[in-house]
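Next up: some structures, all given as structure tokens.
Two complexes come next, and they have one chain in common, subunit A, joined by subunit B in the first and subunit C in the second.
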Partner chain A sequence: MLLLAIESSTGQVGCAVGGHEGVLASAHTSRGRRHAECLAPQIEFVCRQAQVELTDLGAVAVDVGPGLFTGLRVGIATAKALAQALAIPVIAIPSLDLLAFPARFSHRLIAAVIDARRGEIFYAFYRHVPGGVQRVSEPTLGSPDDLGSELLAAREEVLLVGDGALRYQGALPESSRIEVVEQGLANPSARTLALLAHARALREEWVQPWDVNPMYLRKPDAAIGWATRDGAAG
Partner chain B sequence: MPVITARTTGPDETRALGAALADLVRPGDVVVLAGDLGAGKTTFTQGLGAALGVAERITSPTFTIAQEHRGRVRLHHLDVYRLENLREATDVGLDEMLDDEAVVVIEWGDRILPVLPTDLLEMRFRFVDGGDDDRAVDVRPVGFHWIARSAALERALARWCEAA
Partner chain C sequence: MPAVAVAAPRGMLVPVDGAILGIETSCDETAAAVVVEGREVRSSVVSSQVDLHARFGGVVPEVASRAHVELLTPVLAQALVEAGVDGPELAAVAATCGPGLIGSLLVGVSSAKALAMAWGVPFVAVNHLEAHLYASLLEAPDLEPPLVVLLVSGGHTMLVLMEGHGAYRLLGSTVDDAAGEAFDKVARFLGLGYPGGPAIDKVATGSDPEAIRFPRAMIGEGFDFSFSGLKTAVINHVRRHPDAGTADVAASFQAAVVDVLVDKTRRALHATGATAACLGGGVAANSLLRERFAAACSEDGVRPFVPSRAMCTDNAAMVAAAGWWRLRRDGPSPLDTGATAGLRLPVIG
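And now, the complex of A and B:
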């Protein structure tokens, strides 16, 4: 089965076309955070390069976060619209799973860390399993200090990947057991998404487009005081 | 920090006031615009944006909540009047805009202070007795980074402040 993978949870936006032969074509842009402007031309480009028509697709895969709200909105809306128009299902995969997967050859504990902006990060821990990684903690929204405490408490070697780990490297505990991957694994990749989604498609682990929602990890909410607005006539 | 009160007698003057602030704002700055509907918040932003090099016409983002403009620095222009909860501000990507090396101008921003940085410039637009086109603007620097710029702020706004 052919599928289109759409990934937009960080400062990068990308897409890929893949199938049983693996990834056929992909494109990623990480400059300028222009997710909305970049995504449609990217989809057209990868389909043309892979010689795949949209009508050949059997599913759409999408990164559902956690991540940046502006990016996720573009990617998820595009994935849902395409799936609905083509009457095909969606495969939804969390961003942190995509980030951890390329580190699967390490037998260290893996921490996938995405920059949530303004001093916060999304993170989760993973362990190597045959053929991939398995998440061993709940995705969390916290500070680099929160992550630092967990790293120290882990009392084992940890490999960190992601733009959040890179940005806050200096705020993490200094320890020979803790290593941040400097190159190549800063953002989730649409290529990884295409690979992981294909395996799920074979098991028919998909959902209908209208059931796809971004995975938001958020702070407690409060109502905005609008005495003026609601008191005003009109 | 005492409030600086500026007075304008028409929309073009309020735009010029916005333009005067363009030399002062830096990427990462937050300007909160308070005041009733029609007080001049969007008009002010038009002047600020144009002086920051934004080419297109700036309109009220009431329905879209947030609008990004590109000038010599980028400008995120928000109007949170339609929001009911603080979480909705997060959901439009507020944290990303605040951590984006852009100038962030928020109409009705005084209502979402709990989710804003502690450093910001507050401008409160008021209707005043006199002509329909007269407005007063109370300008208040909040937090270290803005208070440090108070003197420059006073100089930039001197044209619109009455002599004591």
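And now, the complex of A and C:
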């Protein structure tokens, strides 16, 4: 089955087309934070490169967060609308799962950490299992100090991956047991999403487009947008 | 969330040359509509989030964005099923790309581009203000430019001369608060709840609009508006006269707003020689404004057009209508189109 994977939960936006042969084409953009502007042309591009028509797709996979709200909504709105228009299901996978998966060859405890802005991070712990990783804690919103306490309490070697780990590296406990993975794996990848989603598609682990929603983990600010409504006095 | 069909059942489809699917998510209404050639409404679905925002007393941007993501899928499905239209037969998918709340706009724009790509039809980005101008032309296709349009809502207050399709002159706009914003703030101060427009309209009915003489800012000069001083005058009056009847205060405030709006429209009609005048925007649902606007135009020998209340408040039919004219004029919009919170009406001169 062919599927399109859409990923936009951090400053990066990307998509990939994959199937039983693996990833056929992918594109990622990490500069400019212009998710809405980049995503649709990226989808056109990867489909053309992979010689796939959107109507050939059997499912749409999407990263449902946690992550940056506006970016997430661009990806999720796009995935839902594509699935609705093509009458195909959606495979929803959390961003932290996508971050941890490329670290699956390590037998250390893995912490996937995404920058949540405002001095906070989204994180979850994973362990190596045959063929991948298994999440061993629920995705959480907390401070770098909260994560630091958990790292110390773990009393074992931990591999940290994600833009949140890189940003708050200095705020984490200094210990030879803690290692932060470099920039190259700091953002969830649409290629990883395509691989994970294909395995789930074979098991028909999917949902309908109206059941897909971002994983926010943070309550909305209750500030009224007087100044931003309809561009205000414009 | 109720189970919804994702497309119209095959076999019951009608010819849809020129049918546009419109999507509107700029503020707190999630809407989708199918309109044929800018005038024939096949379906128009509006899901209001007003209850979600009422407890905050105004629109909370993050709450609105979240609601659009949840509501748009079923709203789209309903609009397509009611219209009996199959996506690939559409002439285009149009969406509001600004002005509005950026997080909300992005949900509609992203969805519209995805639908257009999936169905292999053009995408058209629509200016929300232009869509409000087209609400009148949608309901009264025989209206001919030059038209004066008074556009009043929670976010904008402007007088526009529509010289032709896509040819607008901005005659005047508010220098501070929008009229609808003044309604919301005064209603909140008076404890009348949210949204303020309908609340004030309701209590003002049958009350004395001349009980208190509130200021009419900038009346008799130019085409610009100012409502911030009026809001302050209401607050000061109630503080000085705690026993003032809320209904009389509301009625007097509403009369002051309407006086200014109607006066400026008249001045615009005299200055431009337009032969018809239209109302648009959420505040155009106000009973007193509708009545006084129509009466003033008729008195001056100009044809007034007051759209239905459903067409005044935010909806997607007006987006589909504006999208149809945009598509004919400028062709499809590129797929790298984003959303712009402060987008302005494209004007000439």
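Keep in mind that, in the parts below, the second predicted complex is superposed on the first by the 217 of 234 C-alpha atoms of A that agree within 3 Å, B and C clash if a C-alpha of one lies under 4 Å from a C-alpha of the other, contacts with A are read in each partner's own complex, and residues count from 1 in each chain.
Here, contacts are C-beta pairs under 8 Å (C-beta built on N, C-alpha and C of every residue); 3 or more make two chains touch, one makes a residue touch a chain.
Remember, predicted model here, so these are calculated numbers, not experimental data.
By the touch criterion defined above, A:127 reaches neither subunit B nor subunit C.
Legend: residue contacts after superposition of the two complexes on their common chain; A:68 is shown touching subunit B, with no touch to subunit C. When the shared chain is aligned, subunit B and subunit C each come close enough to touch A:216.
Touch criterion not met for A:177: it reaches neither subunit B nor subunit C.
By the document's definition of touching, of the two partners only subunit B reaches A:118; subunit C does not. Looking at the shared chain after the overlay, A:77 reaches subunit C, while subunit B stays out of its contact range.
Contact with subunit C, but none with subunit B, is seen for A:40 once the two complexes are overlaid on the shared chain.
With both complexes placed on chain A, subunit A has more residues touched by C than by the other of subunit B and subunit C. Overlap of the subunit B and subunit C interfaces on subunit A: residues 69-70, 73, 216, 221-226, 228-229, 232. Partner subunit A is touched in their complex by these residues of subunit C: 1, 4, 6-7, 26-27, 56-66, 68-70, 72-74, 76-77, 87, 98-103, 106-115, 117-119, 128, 153-156, 173-178, 181, 335-339, 341-344.
In the complex of the two chains, the subunit A residues touching subunit B come out as 33, 68-70, 73, 116-118, 120, 216, 218-219, 221-226, 228-229, 232. By the touch rule above, subunit A contacts subunit C in their complex via residues 34-41, 43-44, 54-55, 69-70, 73-82, 84-87, 209-211, 213-214, 216, 220-226, 228-234.
Contact residues of subunit B toward subunit A in the complex are 36-37, 80-81, 83-87, 90-93, 95-96, 98-100, 111-112, 114, 117.
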